[in-house]
Structures are given as structure tokens and as C-alpha cells.
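You will see chain A twice below: alongside chain B first, and alongside chain C after that.
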Partner chain A sequence: MSLQNEIGTFVSAVLNYFDTAVQQAAVVGTPYLALGKPPEIFDYTGMIRISGKKKGVVYFTAPKGMLSVMLMRMQETDMSDTNLRDLVGEVANTLSGNARKDFGRNFIISTPSVVAGSSSTIGYSPDTRPIVVPIDWRTYHANLVVCLN
Partner chain B sequence: MKRRRGDFDLAQLLPVAVATSFAAVLTLLLTFGIQRASQLQSASSALQLASELRSLPQYFGTELTLIQRGLEARTFVAEPITDIATAREGFDKALVRIDADLVAAGLGGSADIQRVRGALDAAWQRFSPLLVAIGRHKGSPYADTLAGSRLNATGRALKADVDEGLAAQAAATRDVGGALKDLAGGLQDTVGSRGRSLRTFLVIGAAVAGLLLALMLYFSLRSRRASADARRAERQVADILGTVREGLFLLDRNLALGAVYSASLTRILHSEIVRDSSFEDLLRPLVPAKTLATAMKFVNLLWKEKVHEDLIDTVNPLNQIEVQFSRAGGGAESRHLSFAFKRVKSAGGLGEHLLGIVTDVTDRVQISRELEQSKAENQAQLDLVMQLLQVPAAQLQSFVRDADMALRKSNAILKQPGREESELRTKLNGVFREVHTVKGEASALALGSIAARVHQLEESLVALRDRAHVDGNDFIPIVVRLDELMSYLGGIGQFADRLSEVQPKGDTMKSVVPPLLAKQLLTTDDPSLEQLLTQVVREAASAQAKRVALACRGLDLIPAPYRKAAKDIAIHMARNAVVHGIEAPDARQAASKPDTASVRVSFEANGTDGYVLTVEDDGQGLPFERILDAALRKGLLSPSDAARMDRSAVYGLIFRAGFSTAEQVTEHAGRGVGLDAVSQAVRELGGSIGIATADGKFTRFRMKLPQPGDKIAATHAA
Partner chain C sequence: MNAARAHRLMIVDDSNIMRRKIERSQEIPNVEIVGTAGNGHEALVLHASSHPTLVTMDLTMPEMDGIECVEQLVGRDPDIRILVISALADKATAIEALEKGASGFLCKPFTERQLNDALAKLIET
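Entry: the complex of A and B
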């Protein structure tokens, strides 16, 4: 499977999550390469690590405000840190599920993990250029970052 | 187990045929039985009537005696007379009923019965008139006298008739009674034989019904066993169809899809199979109209018995097709499918179906492509190394720097906010301009491998530009190719750096590479723009089979701030002049022009206002009509706008993004990007472009550029 299709799988997973769980569509901006410095990390980040035929990391990072409104739309009243973590974890879980379904045995996908804090760093190989896919939802902006080599 | 078609039909029909036969026999038996029962009933009725009538002659004798004695005693005799008349009429009616019953009992033609019946009639007819005569006597039979009552004329006549009746009564009793006795005896025999016959029918009927019931039970059991077998076979087929990885389906002669297909079919085709849909419906969303038409012709060929199935498989247009499937969240996924078809044979030749087998061969294609790509890359690496060795290291480093900058600029364009359609298209054009410039410079340096790589990215951009609607998702292939290109150029940059490092070790170099090549590798001077343009013109002219001479003037006077931009502009314009401006050799010959065309590039000061970069060719001039036609065709203009435009405005269209009059896209032209990039570069420098052209004679582009300081001021002012 080409990198193009792999990115497509992850983007579909995120958009589908917005369509079904949040029940309000998100829009994909033009993807670009993170050159020079690492891609921006927002308040909460859910990620999966991939090994096997390809190695790297894929993560969805979003600001707290966006995640809070998403929770509201999901009829959730508890905006605690735990719930916000759970939400990005759930998106990461969706990424993982779609990747398992589409990529087959050539990819080994880690259990989704969550980091909080915009100063967090996500480790990835310096040989790769992360591809950032902006995800716009309402007035908010999140990023899906695919960093595979 | 294989089963012949005839056997199958017979096995199906046998229970029905047997049951029908038995039912017919049973119906026949019952019909006979009912008929017999009906006859039996009539015969019984006749018998009963005959038995009842046997007592009537004695009854008439008794009544006649009563009348005789009454006349003698001069008593009232009207009642016995009336009784005789009533009984006689009853006898007549009974005979009629007996006749009807005999006919109904089927004895109308029986000689014995008719003989007896004739004797009865004869006896009765002898006796009956006497009774009729007695019945006619009306009125009192007596006349009263002083001597007492005595018979009058009526009484005397009545007495005579009664005496005659009594005289005949004994014979009547004997004859009528005997005939009735014989009739009753005959009927008794008939009733007996009919009863036995009826019983026989009923016994046979019961036996047939029992047999029929037994047969029905047998067939029912057999049918249940067959149903169980069929269900088991159905389950096994379902297990196979549910497990097999290939998409299996059947097509009938109308190319309609069969109701049964493997579960993988919907997975492979990413869609549900609509009931009663056709193969054409199935294919339509997957392949272009032309492929669809060819595929339908191919599948129809398989129904022709003379066509060799394996031979025509080599021209199967669906042998390997690339299809795009929409993803749930938007975007598309590319898969490779392979369709194969097999005739389902029957004993009589071609069967009723074709078996279709569709397989997702994406992994196989991917591996095959990777192998091919690997081979091609090895060859490309070799070609690239040879190309790189032809370019001085410093020049190569300069190219890689410029290219890297252009690609970073492309990435920066993508990174800019904006997701509206117009904003996305602006981004698209911006990226196009940047990568086109990289391609131009790569071509100028004869780095064909690099130019080809950039051309691939341009292909993706063109595919996107030609879409009716674009969204962010559609840019994924662009950014992936951009990433690949950056990696590729990164490797070339490293190679260029290594080359530059070996320069001080020239002696060593000389020992491993040919002397001429070593001299080139050791060149440290930055190449002149004239050298680059010479290369560009040579490459483009060679590709177009044209003969072109380049003349340059003043290019070494270009001020440093303009060198990069002027180089990009001049490369685009010079290539454009060769491809679009210069005519084909035969056209030049026809126009009595020199075989070798001329392209002139000059750079000079424009008084104190700045500079002028001029690119001029002695070609066919700007084709006003073709420009207008192309603009109308591409929808850049409405016919009413076109009618209002003057010539200079029409010429201005050639600078629009995506505009080209070229009918074919090549590596050198046809994208409609070059002049857009030139226009953008001149605008960024704060300059302007002037066009002068004459049909069949020349085209001249004058790019006026301000003094570098003024440009900055102009930019700031803007």
C-alpha cells in the first residue's frame, strides 16, 4: 500500500469519527510537510506507533476547546482531563482500527496512547518529514500527523 | 455428483405422473361407482313399486265385491267406485314411474325386463278398461218405488260392469300379479348384481386410494430426503461462497447477474449487489465509458461457440484494471482488480451461464510495480549519476539549492490557511509555478531524470487542476510526491556536495574518470545563463525536431538581485519561443524562411527606469485565433466577452494559469504553467510585460524590471 493510501486511511478514520461519533463533519485542509521544526502539538494528542514494513508514528492532536465542544455534542457533561484524554484516545483507537483493517499483517500497530500538554514532544525518526493534515471543525483547528518511513 | 439434465427432469416428473394416473383411475372408479349406485337406487325404486302393485288386483276384487253387494242391498256404492278409480289411476302412474326407473337403472334395453314389462301392460290393459267403465257411472243406481228401492238403468248397467269386472278379476289377479311378480323378480336379480358390482368398484377404489396414499407417502419421504440433500448442498455452496476470497458470480445470456454470488464480491467491489442488476451496471462505476464498452463486447464474444475461450482471454480488457473507491470520510482509494470469465459448459455445448471471477490483485500489482520500480530506479540511478557527472559540481549545488527553495516555497503555499475552492485552486497554481520552474532548470542542465520526476508531480497537479471540484483531501498525492521529490533532491544535494569535496583531489579524480569528464567535474565557475539557455534551446529544439540558433546579449549584466528570477524567466521564455513561437521546419520552408530559426535573448538597461529583458523569436507570431479558441474551449471566456476583447487583451490570456494552445502535453509544453510563472515572477519583481508580434514574422516579449531598490519600494507600497 502506498503512502498516499495509508494517509488516506488515517484521514478517513478521523473524518468518519467526526461524522459518526460527533455527528458533525470536519473538513480537511491542504496537507503539508513539517520542515525544519516538529509539527505543532496541541493540548491533547492521541497516537499510535507503527512498526513492521513501515515504521513511524501517527497522531491526532487537538486543542482543549475543540475536544470540549466535541464532548458536548456527544451529550457528555464531564469535561475533565480524564474525559478529554479518553476522547483523543478514542480517535487514536479509530486510527488503529482502520489501520489494522486496511494495512493487514504488514504493519504492527501499537496500543493507542495519549499525551497531554502542548509542550509535549512526539518522537519520530529524524530521516522522515512528517506530513501534517489540518483538520478543521467548526472554528477549531486540529492536526493529523503522519510520520512514516 | 454430476447429473444429466434428462434424469433430473424425469425424477422430478415421476411422482406427479404416478399420482395423476392413480388419481385418474380413482376418479374413474368413483364415477362408475356413483353411476352404479344411482342405477341401483332406480332399480330398487322400481322393485319397490312393483312389489306394492302386486296387491292391487286383490284390492280391485274386494272393491268390486263391495259394489256388487251394495247394489244387492241397495246401499251407498259411490265410495268404492271412487276408490277403484283412484287406485286405477295410481296403478297407471306407478307404471309410468316404473318405466322411468327402469330407464334410469339402465334396464330400458333389457330384453327380459321389457318382455315382463310387456306382459304386465297386456294384462293390465285387459283389466283396466273394465275399471274405467265402472268409474264412469255417476249418479244414484237406485229408483225408489212403492214396492221399495230397485236398480234403475244406471244401477243395472253398473251391476253388469261390476259383474264383468268380477269375472275378469281372477284372471287379472293372476296375469297382472304374475307379471308384477316376474318384474319384481327380475329387478331383484338386477339389484343384487348391481349391488355386488358396486361393492366390487368400492373395494377396487379403496385399494387404489390406499395405493395412492402409500405412493404419496413414499414420494413425500423421498422428497423430504431430496430436500434435506438440497439443503445440505445449499449450505455447502454457501460455505464455499462465503469463504472463497475471489468474487464469484454468474452471468446469463443477457449479461444479467445471477442471484447467487460469493460474499467476497461485495467486499472486492466495495458495493452491494443490486438484485436483477446487469454486469454493465456493476462495471459502470468502476471503469471509463470506453473500457466499459470494450468489456461488454468482450463478454458478449464469450457466448459465441466458435470463439476460443483461452485465446480471447489475452484481449480481456478487464484482465487488470485500476479502480478508485470512495472512502467513508472522503477521498478515494486506488485498487487493482482482475476479472476473468469461464464458460459454464453443459452436455449440449454452451451452458446458460458464464462464471465471472473477480480478484483484488492490488498486492500483486504493488509487488510487481515495486520490483519494476526497483529495476527502473537502479537504471535511473545509473542514468542520474551519468547526468550528474556531466554537470559541474557548483552548478549542481546551485540547482539543488534553488530547487529545494522552490519546493519549500510550494510547501509554504500548501501550509497557508484557506480551504475554499478558490483558495485551493490558487494554492494549486502557486505550487505548479514553483515546480515548473524546477523542471525548467533541470531540463536546462540536461538533468532528464530529475525533470522526469518533477514532471510526475506536475501530472498529479494537472489531474487535480482538471477536476470539477477539489478539497484538501485531494492534495494528499501532491504532498506525498513533494516529499519524495525533496528526498530525491536531498540525495542529489549530498552527491553534489561529495563532488565538490573531491575537487582539491583532482589528481585522484583524473585517475578514475576520463580526462574530459574530470575536467568538467573540476570546473568551479558558476555556469553562465547563456550556457543554460543554450542547453534549454537545444533540448527543446531537439524534442520538437526544429533547428534553432540562440543569440544572447547582455546577460552577464544582470544585477545580482535579479539573477535567479531572470534565469527562471529567460528559461521559460526561451523554451516557449522554441516550442510555440518557432514553426515546424516544413512550415518555415513554405513561408520561405531560413531553415534555422532564431531566438534572441537580451538584457539591457532601460535608461534610469531599470532594465528590460527581451526574448524574441522569428517564428509564426502569436496565433490570435487559436488563443481565443483555446480560451473559449477552456471556459476562460464567454463568447460575449471574446467579442468585446481587443487583440492585446487576447494576448494577455496566455499568462493565465492553466492556459495553453498546445494540443498535446509534453515535458516541454502543454501545461499552461510556464507563462503564468513568468508573469508571477515579473509581478513579484514589480515589473511588467509587453508583447509585440506580427503574423508569420516574429514575437517579442519585453519584461521591464524596475531598479532593484525601486522594486522593494514598490513591493512595500503594494
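Entry: the complex of A and C
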């Protein structure tokens, strides 16, 4: 599978989440390579780790304000830390689901995990180059980061 | 049994927002939500006390995952109807859940209508 198709799998998962769960489409910006410095991390990050034929990490990172409005769109009134974590965890869950469906047994995919805090660091191999896919929704900006070798 | 409360629904998911979404979205008449659980162990305890007839079951959960919980619930009550709701949308996962005794499979993310259609279908079967 080409890199473009691999990234497409993850982009589709995120867009489908906005379309179906949030009921309002998000827009994908122009992907770019994060060279020189790690990709920006926002308040909440949901991630999966991949091993097997390819190794690395894929994550969706978003600011608290964006996630809060997403929850409101989903009729959720409780904007607690627990629910904000749950939300990025659910997005990561869909990344995992799409990857299992499209990549099959060539990839071993971890259970999704969540980190909170914009000063968090996401570990990845120094010989990989993270590809950042901007995700724009309403006035908010999040990132999908695909970092596979 | 009261005809207006013919079906007893237990919601099993480790995500609070998913449990609440299913609670809010469920619009099938004659379905009473009897409780929610955050993992397979909690679901087994709740099953013993509330005797649900319908279950929505997440797969990826801590402590006891959904596949094992499906197997145990069906072992206790072969007539229980379980709708697996998971982001793991590959065929192998769906087949494994059905082989363990689940009655239906709904992919996350889902709309309210998709949930209600899936629950209605589960009740009809």
C-alpha cells in the first residue's frame, strides 16, 4: 500500500467521525512534513501505535475549545476532562478501526491511548518524518499526524 | 411483564460519552435502560442484578473486553440479544463477535438513526 493510501485511510477515519458523530464536516488542509521540530501538540491527543510491517504512531490532537464544541454538537452537556479525553479516544478508536480494516494483518495496532496537555511529547523513532494533516472545523484547527517508517 | 417495558437494555462501553450518547439516542418504544457498565466485569455484575434482555457492547475495553463478555453473557442467557458497537470494522472482528453469540454489529461512529435501526432489527429477530 502506498504512503498516500495509508494516509488516506487515517484522513477518511477523521472526516467520517466529523460527518457521522459530529454531523458537521471538517476540511482537510494541505499535508506537510514536520521537519526541524516536532508537530504541534494541542490540549488533548488520541493516538494509536503501529508495529509489524510498518512501525510508528498516528495521532489526532485538538484544542479543548474545539473538542468542547464537538461535544455540544453531539448533544453532550458535560465538558469535563473525562469526556474530552473520551472524545479524542473515540477519534483514535476510529483510526484504529480503519487501519485494521484497510491494512489487515500486516499491521499490529495498539489499543488507543490519550494524553492531555499541550506540553506533552509523543515519542517516535528519529528516523521517521511525521506527516501533518491539518484538520479545520468551524474556526478551530486540529492536526492528524501520521508518523510511520 | 408490563408490555410498555418489554425490553431491558444494558449499555456497555468504556467511554462515558458513548454510554450517554446511546442513552440519549435510544428511541425504541418498550425499551427500558436498566444500567450502564464501563467494562466486561461491570457488565457481568450488572447482568446478575438487572437481568437485561438487550445489550449494546463495545469491544475494546479494559479489564475484560467485549468479545469475552459476549461469550460469558450468552453462556448465562442464550436468549440475550447483543448488539456489538465498535470502531473495529474489519470482517474478522465482526465474525468473531457473531460466532461468540452476538446478534448484530454496528460500526462506530454511528448516527442516532443507525443506532435505532440496529436496535429495532435486534428486537425483531
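As a convention for this text, the second predicted complex is superposed on the first by the 149 of 149 C-alpha atoms of A that agree within 3 Å, B and C clash if a C-alpha of one lies under 4 Å from a C-alpha of the other, contacts with A are read in each partner's own complex, and residues count from 1 in each chain.
In the analysis below, a residue touches a chain if its C-beta (ideal position, glycine included) is under 8 Å from a C-beta of that chain, and two chains touch if they have at least 3 such contacts.
Just so it is clear, the structure is predicted and the values come from calculations on it, not from any experiment.
Once chain A is used to superpose the two complexes, chain B occupies space next to chain C without a clash. Judged by the touch definition given at the top, the superposed model places A:Leu35 against chain B, while chain C stays out of reach. In the superposed model, A:Asn16 makes contact with both chain B and chain C. With both structures placed on the common chain, the touch criterion links A:Gly97 to chain C but leaves chain B unconnected. Applying the stated contact rule after C-alpha superposition, one finds that A:Leu71 touches chain C and leaves chain B untouched.
The vertex angle at chain A, taken between the C-alpha centres of chain B and chain C once both structures are aligned on chain A, is 70 degrees to the nearest 10.
Applying the stated contact rule after C-alpha superposition, one finds that A:Pro112 touches chain C and leaves chain B untouched.
When the two complexes are laid on top of each other via chain A, the two nearest Cα atoms from chain B and chain C are 11 angstrom apart.
The residues of chain A shared by its contacts with chain B and with chain C are 16. Per the touch definition, chain A reaches chain B in the complex via residues 1-5, 7-9, 11-16, 18-19, 27-33, 35, 129, 131-134, 136.
Contacts from chain C toward chain A in the complex involve residues 15-18, 20-21, 24, 60, 86-90, 93, 107-111. Residues 16-17, 20-21, 23, 71, 74-76, 78, 82-83, 86-87, 89-90, 93-94, 96-98, 100-101, 104, 111-112 of chain A are the ones that touch chain C when the two sit in their complex. For chain B in complex with chain A, the residues that touch the partner chain are 327-334, 362, 366, 408, 411, 414-419, 424, 427, 471-473, 475-477, 479-480, 482-483, 486-487.
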